[in-house]
Amino acid sequence: MIRRLLRSRGMVKFRRNRLALFASGVIGLYAAIFVAIIGMEIYDGIAQAVGGEAKFSLREGTRIRVLPRQTPGFLESQTPSERYNDIRWHHQRMERIFDRDLESMDDPWVQAFNELDLAERKLQRAELGEILARWEAFDEAFLVLDDLYLERDDMLDLVGSIRDEIADLRGDLRGAEASEAEEIRGEIAALEEELAPEVEYLAEVEPEFFAQEEIARGALLELMPMPTGWEGVKYGFRTFLGSDVSGRSIACRAFYSIKVAFQIGFVVAGISVLIGTVLGAAGAFYAGWVDAIVMWLVTTLSSVPYLVLLVVLAYMFTGSTLFDNPREYPELQLVKLYTAMGLAFWIGTARVIRGEVMKIKELEYVQAATAIGFGRVYILLRHVVPNTAHIMFINFSLLFIGAIKSEVILSFLGLGVSGQPSWGTMISLAKDDLSNYFFWEIGSASFLLFVLVLAFNIVSDALQDAFDPRHVS
Amino acid sequence: MWAFILRKLLYNIPVYLSIIFLMMLALRVQNPVYAYLGKNPDQQQYDELSRQMGLDDSFPVQYVKFVGKVVTGDFSENSWAQRGRSVKDILVKSIPPSLSVTVPTLFTSVVVSVAIALLSAYYRGRPVDQTLMVLAVLGMSISYLVYIIFGQFFFAGLPAAEGAWTPFAIQGYEPWMPIGPQAEQARLINWVTYCLLPVIIGVVVAMGYDTRFYRAVMVEESSRDYIVTAAAKGASKRKIIFVHMLKNAMIPVITRVMSSLPFLITGSILIEMYFGIPGMGFQLINAITAKDFPVIQSYVALFAAIFILSVILTDVLYALVDPRVRLS
Amino acid sequence: MTDHGMTMTKARPEHAGGEPVLSVRHLTTSFRTDAGSVTAVDDVSFDLMQGETLGIVGESGCGKTVTSKSIMRLLPDHVTTYGRETEVMFEGVNLARASARHMRSVRGDKIAMIFQEPMTSLNPVFTIGWQLDEALKYHTDLGRRERRDRGIEMLRLVEIPNPEERYKEYPHQLSGGMRQRVMIAIALCCEPDVLIADEPTTALDVTIQAQILDLMNGLKEKLSTAIMLITHDLGVVAQVCDRVMVMYAGRVIEEGPVIEIFHRAQHPYTKALLESIPKRGNKTRGKKLATIPGIVPSLTNLPPGCRFEDRCPFSDGTRCRTEEPALEQGPDDRPVRCHYPLGSDRERPARVTVSAEPTAQEAQD
């Protein structure tokens, strides 16, 4: 049956649409990532079950700190202030550790230094004495840097305020009369005199500051170098999209969300199409009171706006202890979501399938099959339902993407995923970042979501174009 | 015509009753009082709230009582979460804000989408059409939430932070209608300040889907036989599209518009939450978060009623436009 | 047919005997499709004389509808191209190259067209009266009352009972036969010089078919309209046509007066068509219905030689396969596209024929 589908004329037409093929490739890419993540988690699960260690710890990876908070991603260069804050952040963390009594510890690596780990970026291994020496160097360098920073900062403020004053006066000058003008010009001159040495001083301080910054950074890298080789690649991946408000890797979270999205999509679409097809086909085929019940259910459930329905269903599930532990059993959290969405989504499929089955029911081959004496269930399953396969397929893909989009909205309303990252949670968390002009988190999540939805739209368009003769391109 | 409407009404009454039935059942899956007060409530409070909502009666009794309330429009019980306000008060006050946003959105998006779709269908296959459709697909692929967040940020939040001028407020709502209960505080400009941005966002979001759908409808109608007949009579392209095709295309358009009628009043929940507009959706979400049972129950009953009415309205409008339906 | 006094509003220019109303030369219509360029009508030429009925006959897909729509320029512009030498001369203007504006003034007023499916050819949301009124509004200066009167008069002319009532009704309230009459009324209300009828009776049952054909005949006489009748039904051709043009796979393969075609068909295809008409009579009892084996070639995959060759019982197997015959004067002094027209003296090796061979006489029952 699959082979017949692939060789059909519709498929040929589809293949000729290069854009659709490209979009399918994109979806395939996402799917591959999904499979990979699932694979790695299963591996971990098995490894842990047999008493060993988890090798990948992907979900952990979305939780650990990798950078200072709200570090931007790969394109942005940082201002001197931001770079300074970076170094200071590192310094503060290390200070907490190095202030402890390290020499009396049995294994300082396990008891203290581990806490400094930023994923692959760790304290460089060496003798304790060597480490302490490096720390001294860094500490000293930082203190000097700190002073220089404050000085530079003050200078910049001073110069800035004088310049502002001058600008104001110049503004006054324009509207002033002759007598005043003299006075104002005098003031300006005085200020400019004041300004000159400050600017000169600043011109000296700045290079010193930058130089010291180099030194401090160097010392920092001695202590805690950037990872190289394979580790370097991994760390690079983690950081290339920056970090969110808690310092977590945006890239990790955004890509992990692919797994969450696909999971939700598959399960919800699967359940909905299944229920919808069964109920719709049964209703149309058996007619009578079966149909009455199905239609009653459909009308009733669709009388409430979809979002309201979801929200009410969510309300129904509150207060149940089964769902109260998101960190440990995040999968269970999703069940809430699955149920709510499944119950809301099956309606559309049921309607369409019901309509189609009613048409098919009247066709000759069904009547012929009945005349031969096949049982009704047999006819339903063997003859009728396979002819609705194309509808089921299209509905599945529509609901798949619909579920993913709904998750975003539900997460925003607080009714969605918890315990795992997902695009919805990322976007709702990140919306406050915007006021700091930090676009990385919301941008990454939105972008990945956008590409997936776009690809789906293109592919489903192309599929309809290829297979449905009445479709308008 | 009136027989038609009456028939529809009568048919839908049992449907509505069954909706109420299901809904009431669903809301009582968990004891609402426990949900609201927590697992170990004060016995006196429990009794009081139970009695107030008639929850100590058996379900059939509750059902009948509630239906009675809906029919007579009696929503005088008090909200649990919002002290001192009756459900009716909350309900009624929340309608104008919802309408202030959804009615303009619906109207504008239909007009704009139909216009763009007409343009596309007229120039079918040419660059104008192709560009528009590409834009539509791109527009469709952006999440609603993203539109809201960025829209609010760029048009209200950012200018406010930078000190630049913008006509839009970031959040909130103030009455603007010169009639009704809040007329004294109302100023017409309030609508622009609080509602215009949500409306614009709503229209932009809807445009992607709607334009494509209407265009498809129009193109399908354009390939019908009667169009060829009209051309054979010597009608100009403009006449063909705007007279012959449009009237036929309006039928599916109306169906679609009507089917979104419930959303007209229920309000877009997201928009209301995000922009702090105290409409029906907003109140509902708050009620659900606060487990405010009376409010939830009444709202769902109201929504269902609106839905049924809009279904009937759709059928009636259909009959008005399509002569084939009228006489059946 | 009863005679109704009709107000003639148009003075018809007298065509000097022998001068055609419509003259088509080298009509070639190609479409741009996903599979490349497809030529649906290939070098078709014919004349239409005033007051005559020309039948265009052929299987589905032979290009007859495309021919008629090409004359009216009703094909979608962005995928249709006409041949460089194509000339559709009407009133001194080449319609294939005319402006859209000119076409609009010609359509409905000078050349009218009716279609196969009366069910769907009328706009369902407007009344019959409105649709009649529309045609009159475009092409005449009549006032509203006059248009209404004329519309009702037309309905009466096409023998619709109670025309005043029908004027206000919607298409779906009428039967198929009625609708087709309405179509004819709309087509003729501006008294066109040419009426193109594309399979007007195919969708109707036989009794109605006879009535409609009678109607068309009568109207033709009264208004001296030239009719181009497109059909696949040779019975219809026999009933109403003066001349006939047979098409196959986009080409004209034979043309001539009806009597001659029916009695002395010269192209094997025409002959086969005639033979395939079911006949009554003792001689035919127990015999199988004659058919033409094979199918029409796909327009994207045309053979280099004669397009009918693979189904032709008279193909010589060589020249017929490699060289497409040109349209030349055959033995009866009328055009035929065949290397070995039947009835000519040309020698050819005959292949085994499959069907029984009744005479051409019997074929015209």
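Per-chain numbering from 1; labels A, B and C assigned in written order.
The rule we apply is simple: a residue touches a chain if its C-beta (ideal position, glycine included) is under 8 Å from a C-beta of that chain, and two chains touch if they have at least 3 such contacts.
Keep in mind the model is a prediction, meaning the values are calculated, not measured.
Could you name the chain whose Cα mean is nearest to the mean of all protein Cα atoms here?
B
What are the two chains with the top count of C-beta contact pairs?
A-B
Of all the other chains, whose mean CA position lies farthest from chain B?
The most remote chain is C.
If you average the CA atoms of chain A and of chain C, how far apart do the two points sit, in angstrom?
The separation of the two C-alpha centroids amounts to 65 Å.
Round to the nearest whole Å and give the separation of the Cα centres of chain B and chain C.
It comes to 54 Å between the two C-alpha centres.
I'd like to verify one number: the distance from the centre of chain A to the centre of chain B, where each centre is the average of its C-alpha atoms, in whole angstrom.
Comparing mean C-alpha positions, chain B is 30 Å from chain A.
In the complex formed with chain B, which residues of chain C make contact?
72, 74, 78, 100, 103-109, 112-113, 115, 117, 120-126, 134-135, 138-139, 170, 172-173, 183, 186-187
In the complex, go through chain B and note every residue touching chain C.
Chain B residues touching chain C: 124-126, 224-226, 228-237, 244, 247-248, 321-324, 327.
Going by the contact rule at the top, pick out the chain B residues touching chain A in the complex.
Counting only chain B, the residues touching chain A are 15-16, 18-19, 22-23, 26-27, 29-30, 34-35, 137-138, 140-146, 149, 153, 157, 161, 215-216, 219-220, 262-263, 266, 269-270, 273, 281, 284-285, 288-289, 291, 296, 300, 303-304, 307-308.
Quick check on the complex: what are the chain A residues that touch chain B?
296, 299-305, 307-308, 311-316, 318-320, 405, 408-409, 412-414, 424, 427-428, 431, 434-435, 442, 446, 449-450, 453-454, 457-458, 461, 470-472
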